Amino acid sequence: ARQGVAECVYAPGKRTGHITAIVAELLDRSDGPVLVTRVEAEPARTVLAAHPGGSHDPAARLLAWRPAPPDGFRLAILTAGTADEPVAAEAAAVARAVGLEVTLFRDVGVAGLHRLLDCAEEVAAHDAVVVVAGMEGALASVVGGLVACPVVAVPVSTGYGAGLDGVTALLAMLSSCAAGLTVVNIDSGFGAAMAAHRLAMAVRSRRGPG
Amino acid sequence: ARQGVAECVYAPGKRTGHITAIVAELLDRSDGPVLVTRVEAEPARTVLAAHPGGSHDPAARLLAWRPAPPDGFRLAILTAGTADEPVAAEAAAVARAVGLEVTLFRDVGVAGLHRLLDCAEEVAAHDAVVVVAGMEGALASVVGGLVACPVVAVPVSTGYGAGLDGVTALLAMLSSCAAGLTVVNIDSGFGAAMAAHRLAMAVRSRRGPG
Amino acid sequence: ARQGVAECVYAPGKRTGHITAIVAELLDRSDGPVLVTRVEAEPARTVLAAHPGGSHDPAARLLAWRPAPPDGFRLAILTAGTADEPVAAEAAAVARAVGLEVTLFRDVGVAGLHRLLDCAEEVAAHDAVVVVAGMEGALASVVGGLVACPVVAVPVSTGYGAGLDGVTALLAMLSSCAAGLTVVNIDSGFGAAMAAHRLAMAVRSRRGPG
Amino acid sequence: ARQGVAECVYAPGKRTGHITAIVAELLDRSDGPVLVTRVEAEPARTVLAAHPGGSHDPAARLLAWRPAPPDGFRLAILTAGTADEPVAAEAAAVARAVGLEVTLFRDVGVAGLHRLLDCAEEVAAHDAVVVVAGMEGALASVVGGLVACPVVAVPVSTGYGAGLDGVTALLAMLSSCAAGLTVVNIDSGFGAAMAAHRLAMAVRSRRGPG
Amino acid sequence: ARQGVAECVYAPGKRTGHITAIVAELLDRSDGPVLVTRVEAEPARTVLAAHPGGSHDPAARLLAWRPAPPDGFRLAILTAGTADEPVAAEAAAVARAVGLEVTLFRDVGVAGLHRLLDCAEEVAAHDAVVVVAGMEGALASVVGGLVACPVVAVPVSTGYGAGLDGVTALLAMLSSCAAGLTVVNIDSGFGAAMAAHRLAMAVRSRRGPG
Amino acid sequence: ARQGVAECVYAPGKRTGHITAIVAELLDRSDGPVLVTRVEAEPARTVLAAHPGGSHDPAARLLAWRPAPPDGFRLAILTAGTADEPVAAEAAAVARAVGLEVTLFRDVGVAGLHRLLDCAEEVAAHDAVVVVAGMEGALASVVGGLVACPVVAVPVSTGYGAGLDGVTALLAMLSSCAAGLTVVNIDSGFGAAMAAHRLAMAVRSRRGPG
Amino acid sequence: ARQGVAECVYAPGKRTGHITAIVAELLDRSDGPVLVTRVEAEPARTVLAAHPGGSHDPAARLLAWRPAPPDGFRLAILTAGTADEPVAAEAAAVARAVGLEVTLFRDVGVAGLHRLLDCAEEVAAHDAVVVVAGMEGALASVVGGLVACPVVAVPVSTGYGAGLDGVTALLAMLSSCAAGLTVVNIDSGFGAAMAAHRLAMAVRSRRGPG
Amino acid sequence: ARQGVAECVYAPGKRTGHITAIVAELLDRSDGPVLVTRVEAEPARTVLAAHPGGSHDPAARLLAWRPAPPDGFRLAILTAGTADEPVAAEAAAVARAVGLEVTLFRDVGVAGLHRLLDCAEEVAAHDAVVVVAGMEGALASVVGGLVACPVVAVPVSTGYGAGLDGVTALLAMLSSCAAGLTVVNIDSGFGAAMAAHRLAMAVRSRRGPG
């Protein structure tokens, strides 16, 4: 693997025995973090029995071994509403497993602007921001206008009708009037965390060994 | 025609002579406002020559005869940015022709939230709000959360790529997390103004003859 | 919350305990109506046990506390056919909970025009109309041409094939040849009722204290 | 060719010389009607110079030789509005060229229901009905409920935004709540006329030689 | 109801008791056929217990009372393959209930052209043809070229991937190079049969009282 | 480049000077065929002036230098109608430039099945078949059932409405009921010819040096 | 059936008894391979009991009788990741049943390019290549650039969000910058194997009787 | 404006006089870079005459005043082919105007993998990478697997047919199997550069005042 990048397995479609075997190989191959995403409690127990020392976060559906130590990169993760929680949980758990320091700002959707404005300054003090939002995804645009740091938007598939299972939020975020937003796949808390992980590595490599 | 509703003609696809003939008939049939939408300066001149007493607004591309007198219904029209101007101009001109009192709030898009917050109270003092916005259409959600009166959202087709010629803004506005927003067709400043016209008639009929 | 607007919770995706906690907070925060939408009978019972004094409407799947007293705004809700009933039920229950006076006109779809024409005058005597229709949504256009007051169209997702889960009705309603119709999200009886609620507040604020 | 079916050429994409050659061949091959659709005045003149005895209808953009004599099949063609005229003109011209007796009912769109109801009985006296309508295409559903004979719906591509260049009308007509409507391609006045031609042949073959 | 048209109820979404009540009303209102489509064996039994004298066709999922006597209109129904059977069964059962004489030609898809060519002459001897086909729907085009009578194409939703749940067959049939085909909604055997019913009524009314 | 594969340049978006420079480089790099696709007569003349010895086929819009000698691979190219000609011309010219022996079978669309059946045996005697067809693309399915050799289908973008600029033909060909068809991009005569080129190389490499 | 082509049945939607009957007929009709695709273990057992001598491959969900003897055509099948396994298994089993020699190269997706480059030469030594890949389908483009022989790409439907159930991979493969790729339907391991079967027959027929 | 962020104007749809006025205001408001994107040579000259000291890059269609001094952030911009040049030019010009150090790697598309592998190490030495690619956008996935730093993918709208004006590349990039890629709007060289600008600010703020 590329130097420093966590090893990740996507569980859906893999039998538990197969996951156990892949994890064995990845734990051997490097000495960095090994993650399995989208894995429920029961198969997690089986895999952990074979490879003790890891842990499973049920809200995030994440299995992780050898999480990286925090290295000072501060990531803010914002959700618009309750429906965005599971995706934000995946983003937070993966980000922590690769060594980021995560603060969650929940339920700060734009229909109630005051909650967002109340925490805007605190959010802006982070190194990067992940915005998790469904329906029309407007939160990403507003946050993009409030902070100068990198903003990664994650569209969420919950909602109904014209929300088109997250496609509307995806298109809206890509069309955002806030310059320099970037977007990952629908419901991909994993993708947002890995994008932040790439940012943190860039920052770290520029900071030097110190 | 239903009592009190303006008579409206959609010009695209009609020859100028045909428009002139329809206007003649409509001026005859009632004594309320007669409007022709989406008509450029040159055909407008020809039709006005045949039916003097009307006027043409080139930004709105609207021809109007016998505009209704202002009846006290205050409509706020907001645009997110420059691209929304022609649609807002159509909405404003039609609204005025049917007797509404229009205030325009321009360039209050969410990427620069302060301009919007600065006028929020003034906007909230109106009877209804039309929000004209393209790209991701986030302005509608934010306004919907700031005011309690009826909000009609108009998606705008400008932009590129993932904006899908206004379809993204349309879907986003329909999926808005702000409760009770309603939406009209892409670029339909006319539709928004007519929706406001219906509101004004409802208000007026409740106010009684006074 | 904005003065006079009901507090609303969207139940899907929230655990019952979470709903109970949010309702507690909302009952505390204001003294207006508190609503929970899309909630089935069983979780409703649990929440009502914790917060007595509310009621659950199973057809509408609505939990409501402290419904507003009727304030004289007359809302007509029309359905095209049987498939539209659950959405109309949500619209009616929410509308009543926020103080509107609702009359239901059922099964007046355009394939049997006489039923609709028979009640057209009665419908036109209301302050606003909500049209609930699936398949091709033609009822909204016909009603829009029969009445002069505000018309909010709700596309319904039932049907098959070319109905595209309500997207066809949605697009048809947005493209309606009847001027000034507005549209809300697919199956959003809630959205239509809240749009009517905004109308009622506009009417009331114009009527003055009396 | 199948017995009795007119020979038809679609002009777009063919050079005028090529059209002239095909017409020569078709005039030779049978002795029934020969049609060229979607052909403008100028190339039409060139082809007619080579094959005199035909005629060009500029509104319909149709070239026709040896039109069939009227055989008593009465076709009603309805349009919702002005934008539907060119498609209805093509349908009428092709239908007449294959021997049908056409009556046009123009501008009977559902937003002004009275014009339609005024002619409903007259329409119902025909052998078949073609409904030409764009935007939301609601006219087809209403007519389908008013008459018992075959109804062929033609969606029209004019309009903007959510009309999606006729796709919305197409989907709406296919989803119609009026049982037994059939639909042809967007803007295909030709297709509707040929469908009526097939109907007329079925009727004629049942009527016997008389 | 319009003179002679069967009364039809669409069962999905209706409770059994509701269906029973509607059937009661329809049996009362006219003395022609009464049909309930898309109804499974169990609710059918309940409704039949209340209204004896009808029958249920489980393959067609159709309940019918007072089927019309055969009146000599010969309808051919073709299927491309096994997947098209349930839709063809609905078309056949509805068509017979309204008095048409139905011949089924099964499994004559175009990938094995000889089976189709072997029966082409027999098919062409009918008054109208219904083509039921999924996947790419090519059978409709080929049949449209082989027969001169009315052809109604029914796209079928089975298949996978690029078949897009019948949308591909629908679009293909609408774009057919065979002139005068008409199309009904995806999987709507009912719609095709009702279109044939309209044809039969047109033929009958022309034939005179005899 | 991979051994034996022709070098190809796609002209659209490249300035003529740029094309000339690329061709210089490609003529130098190998000694096989060098092709420029989608190039009109005028820029072709300029490029040929700089690199004599090539030739331009205006119907195919192809510039070619050093065409490969025919090596005995027989490719049949079929078109459904006139609209498919330009795409078939590109396929034929590219195929010949890379050494294939091409026979064109024109205007054998399925609405007139006899022309196709008349040449079916001759087509089946080829090593591979390219089917070029627009609208509903049914020709590919029929041919796929008539021949046992490789069939490459090319959807064509001409047509209107439900043809969706070739997307309908594309989806229909991918959903074909004829097993083992393969498909290339819309209008890509080039892609079909290059696919045949790959086939010819496979055949040749198996035939051995002889 | 065309000479030498295997007889194939698609099981979904067919009752087990129906499958048994069709297999009986096909085993009778020719003496080549008879295949039933997409059939699970249980119905397979029933059909095999009636027609002994066949075998069922559960990973491929394939029933096969009288597999063709290997005839020297070497097919490489590549997968990008674990999710592509079931589709590759179907492709491999069908290909072997029709006499091809299959080598599987698993998990050579482009995000880890070295695994692919390590086997590139070995892959290039085959007569044809099938690439099975989901998500963005990039593997097909890279392989298309590495080998000169025929490449058939199979898009896979697994994944989520912007993958659109395989439509994204399908469109990406059709738009590939690698010239001469061909594509089959989403998840159609069967289609890819049959395309390779057609290739093998073309090669064989050119090789002569030897 | 947020501290340190460049001021940017999107020219399409704005009259030249309007652009001149906005630039005046922006030059006044801050002392950082002022940019106008998507502006052709002629209007650029007019605006520059009013505000000397800026410069216009015609390939990038960018007007810029007061470009930021290079601050050591190294950005690699890769293109797959010629069609991607204009978008890459915009990305490069905007990135340089906001102080990034840009290296362009052109024409390194995956169909010719060796050119990409030859520069992979050099690319990996940058702080961030922008990948500009159309058609199937596979380059982004391959690069994402080769480098550990942040990768921003820009889909390009050129191409035809299944490329769907860049939508295919967009969806493919969002579905990429390479973890942590982020995506901006179709053709948005600007968006990618601004995303890199946000990265650079994050790096700089962590590096401290030095």
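A, B, C, D, E, F, G and H label the chains in the order they appear, each numbered from 1.
The definition used in the following text is that a residue touches a chain if its C-beta (ideal position, glycine included) is under 8 Å from a C-beta of that chain, and two chains touch if they have at least 3 such contacts.
What you see is a predicted model; the values in this text were computed from it and never measured.
Student: Listed by label, which chains are in contact with chain D and with chain E?
Tutor: C, F
Student: What chain is the most remote from chain A, judged by the mean position of CA atoms in each chain?
Tutor: Of all the other chains, the one whose centre lies farthest from chain A is D.
Student: For the two copies chain B and chain H, what is the rotation angle that overlays their Cα atoms, in steps of 5 degrees?
Tutor: Rotation angle between the two copies comes out at 90 degrees.
Student: Where the centres are mean C-alpha positions, what is the separation of chain C from chain G, in Å?
Tutor: 52
Student: From the mean C-alpha coordinate of chain F to that of chain G, what's the distance rounded to whole Å?
Tutor: The answer is 25 Å.
Student: Please compute the C-alpha centroid of chain F, do the same for chain H, then give the distance between them in whole Å.
Tutor: 37
Student: Give the residues of chain F that touch two or more other chains, as numbers and ranges in rising order.
Tutor: Counting only residues that touch two or more other chains, chain F contributes 145-146, 161-163, 167, 170, 174-175, 179, 185-186.
Student: Touching pairs of chains, which are they?
Tutor: A-B, A-C, A-G, A-H, B-C, B-D, B-H, C-D, C-E, D-E, D-F, E-F, E-G, F-G, F-H, G-H
Student: Any idea which chain E residues touch chain F in the complex?
Tutor: My answer: residues 80-81, 109-113, 135-138, 141-142, 144-146, 159, 161-164, 167-179.
Student: Spell out the part of chain H that touches chain F in their complex, as residue ranges.
Tutor: Residue positions touching the partner: 82-83, 158, 160-163.
Student: Please give the residue numbers of chain G that touch chain F in the complex, ascending.
Tutor: Spelled out, the residues of chain G in touch with chain F are 2-5, 8, 127-128, 145-152, 170, 174-175, 179-186, 190-191, 193-199, 201-203, 205-207.
Student: Contact residues on chain H for chain B in the complex?
Tutor: Per the touch definition, chain H meets chain B at residues 12-14, 18, 155, 157, 166-167, 170, 185-188.
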